[in-house]
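Just so it is clear, A, B, C and D label the chains in written order, and each chain counts residues from 1 on its own.
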Amino acid sequence: MDTNRILLLLAVVLPLLAAPVIALAGRSLGRRVGWFAFAFPVVSVAVLLLLAARMGLPGSLVIEWPWIPSLGINFSFLLDGLSLFFALIVSGVGVLVFFYANFYLDDHHEHHGRFYCYLTLFMAAMLGTVLANNLMLLFVFWELTGLASFLLIGFLHHEEKSRVGARQALLLTGFTGLLLLAGVIMVWQVTGTYDLATLLGSGLPLAEHKDWLTVAMLLMLLGAFGKSAQFPLHFWLPNAMAAPTPVSAYLHSATMVKLGVFLCARVFPLFVENELWAPVLAAVAFSTMLFGAVLALWSHDLKAILAYSTVSQLGYLIGYYGLGPLQGVEYDFLHILNHVFYKGCLFMVAGIVIHATGVQDIRQLGGLRRRMPWLAGICLVAAATMAGFPGTTGFLSKETMLKEIFEAMNGHGALGAYATACVVLTSLVKVAFSFRFFANLFLGDETEAVKAHFHAPPLAVQLPPLLLAGAALLLGVWPGLLAAPFHWLTVEGLHQPTPPLSLWHGVTRELLVSVAVVLLGFGVFILGQRTAWRWAAIPRALRFDDFFERGLELFSKFTKWLTRFLRADKPVDYLPVIIAFMLSVVGGFMVLALRPVLGELATRWEWNMLAPHPLRSFVAALISLAVIGVLLLRRWTTQLILLSVAGFLTTFYYVLYRAPDLALTQILIEVVTLFLILILLGRFPRSAELGEIVHRPSPLRKKLNVVLSLGVGVLMTTFILWFNAAPHENRLGRFFAENTVELAQGSNTVNTILVDFRGFDTLGEITVLLIAMLGGIGLLMRYKRTAAEYREGPLGQPGMGIQHSEEKLK
Amino acid sequence: MQIESALLIGVLFGCATYLILQNSFVKILFGFVVLTNAANLLVLTMSGNPGGKYAPIVGDAAGPLVDPLPQALILTAIVIGFGVTAYLVLLLYRIFLDQNTTNAAELYEDQDTSEHT
Amino acid sequence: MNWTILPILLPLLTALLALFWGKPSRARRVVVACSAGVQLVLALALVTRAYHGETFLLNLGNWTAPFGIVVVIDLLAAVMIALCTFVALVAVLFGYVELSSRIEHPLRLPLTQLLVTGINLAFCTGDLFNLFVAFEIMLIASYALLTLEADDWDVKQAFPYLAINLMGSTLFLCAAGLAYTLFGTLNFADIALRSAEMADDPRVLALGLLLMVVFGIKAGVFPLYYWLPNSYPTLPIPLAAIYSGMLTKVGVYVLLRVFGTVLPHSLDLVHQLLAWLAGATMIFGVLGAISRNFIRGILSYHILSQIGFMVLAIGLFTPLSFAACIFYIIHHIIVKSSLFLIGGVGACLNRTDNLDRMGNLWRHAPWLGVLFLCQALSLAGLPPLSGFWGKYAIIVVGLEKGAYVLVGACIVASILTLFSMLKIWNSAFWNSDEEREVCLWDLRWVRMSWVVAIMVVVSLGIGLGAELIFRVAQEAATRALDQEGYARIVLGYVGKGATPAP
Amino acid sequence: MNGPRSYIFNSMVRLAVFLVNVFALYLLLRGHNAPGGGFIAGLATAISLILLSLALGVQEMHRLLRFDPVLLAAGGLLTAIVTGLLPLLVGKPFLEHFNFHLHDVPLLGEVHVGTPLLFDVGVYLVVVGVTCKMIFVFAKSTQGLRALVAEEERRYSSPVEQPIEADVPRAEAEVGNQGKEKTHAD
């Protein structure tokens, strides 16, 4: 195995394997397990950097192991600029978050092992997703990230909102994930490969399979939208904030939710020429952008604000690919990096504040600058980055975005104009809530809530946000530093050559808009302060999660109703359904099939064939009368007598059919059955007959019964006549008759068939008898509870077996 | 062609179905007894019209024998049917003891199976 | 010496031995468990040899094929037997650790082994009427076990189970009779040859439809499944595991066998009908699961929903979809049985399996949670667990054949499965209501979990080593669909009474 | 079945039982060549036993029979299986039958004996055992039940079985039950 393979294994598979070990180690190590887990992201970063250095960027490298070759699914990894960029972000932020979590998750929490296990699992899954070369492998890891996210959101599972949030996230991303799967399969069906490198190299056969591929693209985009919380699937993300803050910082802002962005980037070269690509992406994403920003302004919960702003920013990032020119985009990495810097940082800040004060509502916070001056500085930088102030990466990002969006306005017509409006408005709102975020936390007077609970955070916990804020500032001031890495990470087909970034472009249209936006945003903020942010919460009409949960509840009720409607609770009503189904399927077909035959028959039917045998007809008529009598009569005794009469006449019928063995058996069986039924009826009370009259079926039901019975009768008669019209040649019968003496040494053919030719059937049949007897004994020898339980009356589920526990016996 | 057998079996099946669809245990039980018989007769018709043929015992016969295979199958089916019927009888008895009713509709009248116990 | 009969005889003899033994005791348990182990080893040996191209044929009584009864174990049958014996072994072991032999029902072990006999016979018989007998053995054993340890409520639920299956058996008998009238033979291989000649005869199609209804009842296809969801929850846990794993799958297997190996492949009407019924089964099954509020009830309905996937694969009727169906069966049997067992462990800990009263399991029994999560997500079809690959292949075939609605149904059913599994997870495992006590002092749960862990490991192995299993499934499907090859093998044996074919 | 008991009925029944069983034996032996065979013979014997129980009463029957019909049935099945296994010894497939022709047997002359007969005997035993057991258990369960339960319990011994019909006061049943638990405790 060459070194690259080993390195890749170290980066991706090692954390995957380590996850259960961490969970186990957590039992003995307790809190310290975090430092053990911290090693894995560090290793991943180092190894990925080494890999990047070895493979000689820009370029790409495919590493492959077989997995399920018969389905075309392999452990195949593609290392190129895009995947390395995302992998480095995942593992890099991982280092910071693991470090941060070690201080954040103190002794108040339990199950540290589990937490780091999930987190490591998540990191491995993320690395797998972004590095995957095989689309199915990508999907596999994609769903694994969803699982890890589910477990992390529900980490504090004693709180109901965690459970609900976790469920929402898994259901939504799981569902959209399945759509992604369908899309991937559709792509496979026209190209015959899941291999991304191959697909990117050869492109899609857009000409021949346009509609098919358009559907595939839409399905894949839906997958991306679900994962990246795009409107109207955005609502799971704010509820995912029930997870501990390091998780929010890592999964739900910096990495996992960017998978949608990643997917858009990955398939950009494949689908960008499709005419629906730009409108769908832009319409959904830019709407999300504005919508998220407005909701962020509307929220009061620290993490909710950040969550909605994440939703908004994700819209921006996805929309960026939508409006990108066909030749490729330029600054996508810059935007992503910028978001990672400030959002990760802000989440960590929020976590520290929540941890220190125990308060999450922004209205109850204030004046923290004195108690946490370092943090105030960090937050200031991060908020400035979010607002896009000069000197931060946020400014660079916003400037380039505005520039490109103005260009796009020319190219994309109305769509461009809509996008421009959304971007400008969002920037404005963003400035407002950035101000609010910083001001409400750190400025003003200390509130009661802060005074009551405050305990100072350790300095070390502020290191990760400090690093992020520092990076935002550093790169904001010296954007030239980014030029070389961006060049290395350029991906053919996705990127155009990037013009160098610079802090100052001169007085341009973008700068003027920027200034206006900042001023207006500040105005909005002042306005909000004046009204003391009085609105209570997000109005119900905009709370999609509320609708979702209520929908689920209603859905559960509906299923209950449906199950009842389908008669699952009324077993006596089962049989009509089954019989009706059989009649409609088999009988329906028969009517169709026989219609032409009947016409033919009428013309050339030899009516003398129908001539019934007189004695048989007579007996048949008697049997029919007896059985119909059973229907009509009320009293059991007479019914039983008629039934026996029918039984004995059947014996005679067998005789007429030249079946002496059958006749003998039938008559004896009839006797024994009669005994059994007599004993049973002797036990039934007289009052039961009365009950039968009380519970008479309704007239409608009665009619249905008659129809069904007639149907079954006609069906069977038709079957016999139809099948007997042209019977098989009697090969087996002749064989048995001819060979019974010679081969089986017996002249009673029926008996030789029973014990010799088909003796195995007989063996099975006596087994059935034996089992029936055992079952009968089991029925009468009731397996009862213990004496003590008997006294307690009905408890728990009957018949589970566990009630008979030994402990209870004692 | 065995038109009378076909009609007889049709009647038996129809009656059996009607009985099975009733609520009374006794009628249901009778229904199944008739149903078993009906199915056996149906299998019997597979051996073709017995006119002019002899019972499948080699030696006694002075002509063609009827097809013995269906008869053997029916024998098996009869015995199996007997076992199942006997079990059904005991089951009905047991249900009667437990629930003190002989009416199937009453048995399931007010149950909500979405919640156990 | 021909050992082909052993998968049937071993459990039968074990049952008789246990019956003669009479009183439950530790020694009897050991003997039965050993026998179950031997059966499993034997079945695995059969699978291995069948995978390398062998087909086991036994002409009972040494009669040449269409005259006597044949037992044929091809790869598909061998796989099914292996699954059955595996599930039976695990369930038996689970029963041992759940209940002490002192209070074990004396008839439970014999009847379990008899049930296995019936199921195995159904898998390997090559004769339509013998299949009827096999079904009867299986069914009567299942009635007996259903009522063996039953309480009032349970016995009540056994009645519709019995009634519907009786109806089904009668129809099956009629169908066997009609098949004999039509083809003049009962041997699968012989029918295959003869029906191929008369493929255009509408009577073949009518018979196919009747058989579809019969096996649809056994398999639990909408709207014929009503006997299942209320009766299975009344079973003791280890038995529920066998039932849930095997019984309906016998129906699916027979659908595979009859429509793949026996009847002509041109019965498009039946196939399409099956596919649409399967779609309905999926959706209605999973809706039923959501309507239930206790673990066994949820799981029982899920059996149906999953049956929908398998039957859909049959209805799509391509070699790949057959392979998918077989893969799905393999996955489903193990996952579903183990889920019932896990539910049983949970119920042992919480003293109930009503979700309103369960809770705290994740805190106190995390490994049980891991087991559940593996299997539940596998059931919902999350990759790379075993449930995903079968579903994947079905979706692939569905898209290929243009059955978009049914593919949509698959996706919806999957997500709803996930939803109902989350319902269990959120209530039983994550809910931390202090009132919901966990009886950790009842140490049986540890041993019970170990037994379940065996199954979970196997299931994980199926997911991660999907390549091997999928190849087995493909091979089994190819051979099950090869009617001529099957007929050549079965009719090729010359024993007593060989007459030149007409 | 506490039917009418009269001396005449009893002796009639005894005679009938004897005749029926002789006839059943005849049917069993002749089955291979004439109508008859294991089932029919088994059913005939079973009916004769049922008749006998009508005459003597079920409790008395049990004393008379001395063995459990379950074991009879299981033994019958075992006989059939063993018959099927015999050919394996000489390398033939399961369930192949062999016939022997014995000439010059004293009294009987030429006799055909074969494994099919053994198989049929197995069937006969199963049918007798199953039918008797079912009818007896059912019949007895409708009468006094304590005795029946105690008896079945001796056979299968499960301490938590309880009578199907609470024909004794519940408290008494519990006492009895607890006593049994003690005796069965290891």
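Keep in mind that, in the parts below, a contact is a pair of C-beta atoms (placed from the backbone, for glycine too) under 8 Å apart; a residue touches a chain by one contact, two chains touch by 3 or more.
This one's a predicted model, so the numbers in the text were calculated from it and none came from an experiment.
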- line: Quick note, more Cb pairs in contact for A-D or A-B? It is A-B
- prompt: What is the distance in Å between the mean C-alpha positions of subunit A and subunit D?
  reply: 58
- prompt: What whole-Å value do you get for the distance between subunit A and subunit B if each is reduced to the mean of its CA atoms?
  reply: 48
Query: If you average the Cα atoms of subunit A and of subunit C to get two centres, how far apart are those centres in Å?
result: 25
Query: When the C-alpha atoms of subunit C and subunit D are each averaged to a single point, how far apart are the two points in Å?
result: 35
Field: For subunit A, residues contacting two or more additional chains
entry: 560, 563, 568-569, 571-572, 575, 579, 660-661, 665, 669, 672, 676, 679-680, 683, 716, 719, 724, 727, 730, 732, 736, 747-748, 750, 754, 756-762, 764-777, 779-780, 782-783, 796-798, 804, 809
- prompt: What positions in subunit C touch 2 or more of the other chains?
  reply: 12, 19, 60-61, 102-103, 105, 107, 129, 133, 136, 140, 143-144, 147, 151-153, 155, 159, 163, 167, 174, 178, 180-181, 229-230, 291, 294, 353-354, 496
Field: Interface hub residues of subunit B, defined as touching at least two other chains
entry: 20, 38, 42, 45-46, 57, 59, 69, 73, 75-76, 79-80, 83-84, 86-87, 89-94, 104, 107-108, 113-114, 116-117
Query: Considering only which chains touch which, how would you classify the arrangement: line, ring, star, complete or other?
result: complete
Task: Sort out for me which residues of subunit D touch subunit A in the complex.
output: 1, 27, 31-40, 43-44, 46-47, 50, 70, 73-74, 76-77, 80-81, 84, 95, 97, 99, 112, 114, 116, 119-120, 122-123, 126-127, 129-131, 133-135, 137-139, 141-142, 149, 152, 156, 158, 160-164, 170, 173-174, 177-178, 181
- request: Could you please specify the touching residues of subunit B with respect to subunit D in the complex?
  value: 57, 59, 75, 79, 83, 86, 89-90, 93-94, 97
Query: Can you list the residues on subunit C that touch subunit B in the complex?
result: 129, 132-133, 136, 140, 143-144, 147, 151-153, 155-156, 158-159, 162-163, 166-167, 169-170, 173-174, 176-178, 180-181, 229-230, 233, 291-294, 296-297, 353-354, 356
- prompt: Considering the complex alone, what residue numbers of subunit D touch subunit B?
  reply: 33-35, 39, 127, 130, 134, 138, 141, 164-165
Field: Contacting residues of subunit A [partner subunit D, same complex]
entry: 660-661, 664-665, 668-669, 671-672, 675-676, 679-680, 682-683, 744-748, 750-752, 754-756, 759-760, 762-763, 766-767, 769-770, 772-774, 776-777, 780-787, 790-791, 804, 809
